[in-house]
Amino acid sequence: MSNNLLTDRFAQGEIARGAWLAVPSSISAEIVARTGVDYCCVDMQHGAVGYSDAIPMMQAVRAEGVTPLVRVSANDMAEIGRALDAGAQGVVVPLVSTPEQAAEAAAACRYPPRGVRSFGPIRASVAAGSSEIDALEQVLCAVMVETDEGLANVEAIAATPGVGAIYVGPADLSLALGLPPKYEHDDPTHESSIQRIRKACESAGIVAGIHCADGDMARRRLAQGFRMVTVANDAKSIGAAVAAELAAAVASSD
Amino acid sequence: MSNNLLTDRFAQGEIARGAWLAVPSSISAEIVARTGVDYCCVDMQHGAVGYSDAIPMMQAVRAEGVTPLVRVSANDMAEIGRALDAGAQGVVVPLVSTPEQAAEAAAACRYPPRGVRSFGPIRASVAAGSSEIDALEQVLCAVMVETDEGLANVEAIAATPGVGAIYVGPADLSLALGLPPKYEHDDPTHESSIQRIRKACESAGIVAGIHCADGDMARRRLAQGFRMVTVANDAKSIGAAVAAELAAAVASSD
Amino acid sequence: MSNNLLTDRFAQGEIARGAWLAVPSSISAEIVARTGVDYCCVDMQHGAVGYSDAIPMMQAVRAEGVTPLVRVSANDMAEIGRALDAGAQGVVVPLVSTPEQAAEAAAACRYPPRGVRSFGPIRASVAAGSSEIDALEQVLCAVMVETDEGLANVEAIAATPGVGAIYVGPADLSLALGLPPKYEHDDPTHESSIQRIRKACESAGIVAGIHCADGDMARRRLAQGFRMVTVANDAKSIGAAVAAELAAAVASSD
Amino acid sequence: MSNNLLTDRFAQGEIARGAWLAVPSSISAEIVARTGVDYCCVDMQHGAVGYSDAIPMMQAVRAEGVTPLVRVSANDMAEIGRALDAGAQGVVVPLVSTPEQAAEAAAACRYPPRGVRSFGPIRASVAAGSSEIDALEQVLCAVMVETDEGLANVEAIAATPGVGAIYVGPADLSLALGLPPKYEHDDPTHESSIQRIRKACESAGIVAGIHCADGDMARRRLAQGFRMVTVANDAKSIGAAVAAELAAAVASSD
Amino acid sequence: MSNNLLTDRFAQGEIARGAWLAVPSSISAEIVARTGVDYCCVDMQHGAVGYSDAIPMMQAVRAEGVTPLVRVSANDMAEIGRALDAGAQGVVVPLVSTPEQAAEAAAACRYPPRGVRSFGPIRASVAAGSSEIDALEQVLCAVMVETDEGLANVEAIAATPGVGAIYVGPADLSLALGLPPKYEHDDPTHESSIQRIRKACESAGIVAGIHCADGDMARRRLAQGFRMVTVANDAKSIGAAVAAELAAAVASSD
Amino acid sequence: MSNNLLTDRFAQGEIARGAWLAVPSSISAEIVARTGVDYCCVDMQHGAVGYSDAIPMMQAVRAEGVTPLVRVSANDMAEIGRALDAGAQGVVVPLVSTPEQAAEAAAACRYPPRGVRSFGPIRASVAAGSSEIDALEQVLCAVMVETDEGLANVEAIAATPGVGAIYVGPADLSLALGLPPKYEHDDPTHESSIQRIRKACESAGIVAGIHCADGDMARRRLAQGFRMVTVANDAKSIGAAVAAELAAAVASSD
């Protein structure tokens, strides 16, 4: 057992359901964290979240006993270190296409001699409950396979030491396959690619994760063997929920 | 026709459906405004919104052609002026219990000789599209009747010059009636009080508004003759929507 | 047992040691909360903290299992409500001079029929772990006696229903007594006034609290019977600690 | 000589030219302060500046050796204290209409026994260079006379102990006189009222100040005997300057 | 016709006059946007603007019907993607020295197979009015030629597919040519280099743009055939305008 | 003499004692700067400070006549330029392992032809008191030697033109040497490595600097010949100081 509930879950063979945070507010982060998700991932690649916003969001998430993650904007050692120092208990690294890139992501998450992370755990020690290297290294390195090159290399990526999960980005994967940027397609290539990624993870003994459009899709992905599924996104949720109430208000009144 | 779409709607006998903003972010405000609501009210009484947050939120709301309002924390001339200067095209003033208080709220919205507002329309002139007094005074003064004293005085409050709407706060009204703080009750006193307020507005020729738990309730209130109904709240919406997706993900998977 | 650890402590006859937060950052708030204090009070009277800063600070404090309080800038119903809605589990109200003022402060902390608080517990329900009135009303109303008039009325203030503590402001009390604004004085009037306040609290069965210059003074106040003592202030602490290290670096090196 | 360059100037019979800050940024504040003005007034009545924004602005102003002031939103003791504690070396208090109100404003700026200010000079001691009462009380209390009642009482207001200046708000004064909200009018009533205020200040031995539309008006007001003139406003300046460059770019090119 | 007014203008052979935003405030951004400029470029290379500041600025700019751009700090795919996702309808990429670098900048602006941009248009879809790839790719990729290597390669850079404009940085170009960092020089090398860049754009059928010191210079550049000219900068404008008013106030008064 | 007090000190053979800023607040920055340190370094590698936070912090530091530095997150030209443009009078560049990397860091601090910095000194000209290239280039380029490769190359790094200091990171150096991340070790390798770095600096005629755990260690490092020593860190100081007061309050009272 560590202070990282998410990696503990995965170590015990459990699944995790999470949410995505793109709204730069510790209030919305807290509300989302209180729904009972297992992780909340602050999206610093596509979300509207700057570094100054991300820290209070992670503080709010942690307060609920939920594991804070950050999707970084790039496979960049300094940015990964900044996210972890700020208290993320894992990073989701986009657009990883080769085992070398996967190894770089993994190295950015651990200290020498296992990696290249620089020491200065201002909030990492809060998250880990310790300033010991072992505790601080209890973080999830999830790499995204979502390019054609990444797909071609997925087995080697999955086998890269230090990589704890592959997280599928279905929209970018669609574009990589010449399809519109959707989560699911009738075209069998997209689905078979997703399953190839899942199997690569299973073979390598790491977690297969995937971004889902909604809870229903997440349920179906879990049934397939994915173990880390994002069920909702704050920005989309708020828009959909308010629109639904507005529609209900309009429905029979006009 | 003025630059205030909301007061124009009301002047033409139309209704308005709106949303409540309690999350301090211009991103969530923009998302909510894009759903097609007629107004977005930044809640500075019970919302998690400070003055420094409210202005970008109102900028984002206005960009969508939606009318920005502010619920102030108190019937305070300086705070009402601050909200209007910041670009609110109307204020919702809580806990108004007497016609004298209603007159103070109304006076805070207009310049001498009609009121006591101080001149300095830094963003009010943006909202109004003009720095002329007539344009700047095109704002909605909505007062909340939600105390027992307010209920007793509702006809006089509704008849107070300069008051454009009474906005019912059903939760505070419940407490005033010795009931738990809910939007609706089986107890007929609560509902008859709400209808008394609506009728007072109709008699006085002003708008009857009411805070609703959801779109369905809003639809029912519109059917009763309420003309300004809030169909959703950003904070509740985000929690409910994420929780629903999480439930869907859990449902058949466990 | 409630969700308010501080009022639970006091109900069980225990003491509490806390810290004062004047630096507008959720990082420093978290660091202070992790020291093991029982409460952290965000100072919105004399601290450099605006409303937009205070919420992440209280989120960080709560995450550590420490009770967040707010010192409001005035005995103002709307401001007290804002602080409680934002998640403060108690307020410290400055410059309370009469039992009527004390009753107003107390009323601002409870809902009708016990008080005048308006319902809208956006983060109060997070702090209380419930949206039930009983849980939401589990907050500390601490009033400051620090004027000559307040001192003269201290017994009546202490006996005011709903007041949970009197918190002595020794610097303002000094000024009220014609002394320089210090925490302690050789002049016996200051000290006897402080003891009079303490005794008034004991007679009324409420908590006697006091602002202290440092831990040593806090220890002595506890020994006298004070049960709520503030041992440190973030702003002073940081300056003193850095200055001490600088002095150590200079000492024998020049 | 004190740490307050502005009150020192006035004590030595000198004049002061200042600027108004309505844009919530320490960058624009710094730029304005570097122009060589004598004071910069953060406008918390009509400016787009919240408390969380105001402190870095005042830090930036002070860094340039310019005196930071705050125009508060109301004649409110707590808000005046907050502004001074945050490092303002003076306040401009709007809408003061009676000598009693002027005395309240003055009392809010000084500690007992001279006033009612509460002690807690977190940044006031930085501005004053001391935590001594005498130094902390070296602040300017400027009251605005800009209502008809204020005009009628101006001689008594000017004679109120503790008031250091009357600062004329020409736009509100226009409205009070039944005129459109402009800085100058052909109608002689407005101008004679302004001169009446100036003379009241001179008789009382305090500073006459006035808000001006531009530097040219400021120059003319100085020539009349006004000693505190605001020559520019950040928001208006930026709009006018960019518009002028745009016009120059369009001029002969289309 | 698209939702991008700026690229539409350029497609129709029109010119555009814009402004530069270095002050981190949505208030100043709004003021500048309202002057009637065609674009406002948030300067994240040399401006005082962090990511958390930039989004409200772009929201305010868009609200005025003005095209928001971002100058990124580097030719970095992740940063370009972040700017576009945040709602920029174009990027200005500094220090592009080779056609390969230009191609990288262009690729960062488009999705596979045309580029390498990752999908996640949180505010890009707001700006584009659509989440369709075609609409999202309607963005301007402007590269800056301002190094000696860039100048040597300008014709090839201009011919790079996906590059929509070359934006000249005259100050950096000066340094590259061994001159002080000014917008114009008597030395003919600087001017001839600028004209070489313009001609390269014309030959390649793309837009020639240039940073100008003021509106007069912008007018002259337009007359030469430049089609995208920045006429003013918020920071410089505010300083110059306040200084001018101060000078006017001093002029004849001292 | 220049506007850079720190490089002036070093040019005159003097030492400098500084502090590290990891708390994102201009209030704590100001407090630390007022202790009398020679420099304050905003830590953007391991501190909780985003770009939007850093500027007001540097404004507050400069106001006290203390030299503001930034530790950047990486040896990245754009980030170094951003820090200097924002008013840092020097940068501390982590993880520099080769003379080529050192030369890149140095080049990022100077304009062509000496370097590759891009011109746009929005606050650099404030810090330098001039927009002249010579004044703007008066900045400290301090590189950190803290990897095994860096240690092996330290003499060549120290001899790299444009590098003004090597700043030792003892914790990362520990990890590089297979030791736990502490400031000091019994193991002689760590200490001898530190002395090797110091001697390399002395031979090259540049400043040897080192991060210290406290003032006592700083004093000892100064005695060894280090000339740039960091005596305290805001985050650690605040925690230690509050904990000490809490301990004092507990000590004899329980």
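Chains: A, B, C, D, E and F, in written order; residue numbering restarts at 1 for each.
Please note the rule applied: a contact is a pair of C-beta atoms (placed from the backbone, for glycine too) under 8 Å apart; a residue touches a chain by one contact, two chains touch by 3 or more.
All of these numbers come straight from a predicted model, not from anything done at the bench.
Visitor: Measuring between mean CA coordinates, which chain is farthest from subunit C?
Guide: That would be chain E.
Visitor: Going by C-alpha centroids, which chain is farthest from subunit F? Tell me that one.
Guide: Centre of mass proxy via C-alpha means gives B as farthest from subunit F.
Visitor: Please state whether C-D or D-E has more C-beta contact pairs across its interface.
Guide: D-E
Visitor: List the interface residue numbers of subunit E and of subunit F, divide the shared ones by all numbers used, and answer same when the ratio is over half, different when under half.
Guide: different
Visitor: I'd like to verify one number: the distance from the centre of subunit A to the centre of subunit D, where each centre is the average of its C-alpha atoms, in whole angstrom.
Guide: For subunit A versus subunit D, the centre distance works out to 52 Å.
Visitor: Subunit A to subunit C: how many Å between their CA centres?
Guide: 41
Visitor: By the touch rule stated above, which residues of subunit F touch at least two different other chains?
Guide: Touching at least two other chains: 22, 24, 27, 34, 48, 50-53, 55, 76, 122-123, 235.
Visitor: Treating touching as the only link between chains, describe the layout with one word: line, ring, star, complete or other.
Guide: other
Visitor: Once the touch criterion is applied, which pairs of chains come out as touching?
Guide: Inter-chain contacts occur between A-B, A-C, A-E, A-F, B-C, B-D, B-E, C-D, C-F, D-E, D-F, E-F.
Visitor: So in the complex, which bits of subunit C are touching subunit D?
Guide: For this pair, the touching residues of subunit C are 22, 24, 43, 45-48, 50-53, 73-74, 76, 94-95, 146-147, 169, 171-172, 174-176, 178, 180-181, 235.
Visitor: In their shared complex, at which residues does subunit F touch subunit D?
Guide: Touch list, subunit F to subunit D: 26-27, 30, 34, 55-56, 59-60, 62-63, 122-123, 126.
Visitor: Where on subunit A does subunit F make contact in their complex?
Guide: Spelled out, the residues of subunit A in touch with subunit F are 50-53, 55, 76-79, 81-82, 85-86, 111-113, 118-123, 133.
Visitor: For the complex, give me every residue of subunit F touching subunit C.
Guide: 15, 17, 19, 22-25, 27-28, 31-32, 34-37, 48, 212, 214-216, 218-219, 222-223, 229, 231-232, 234-235, 237-253
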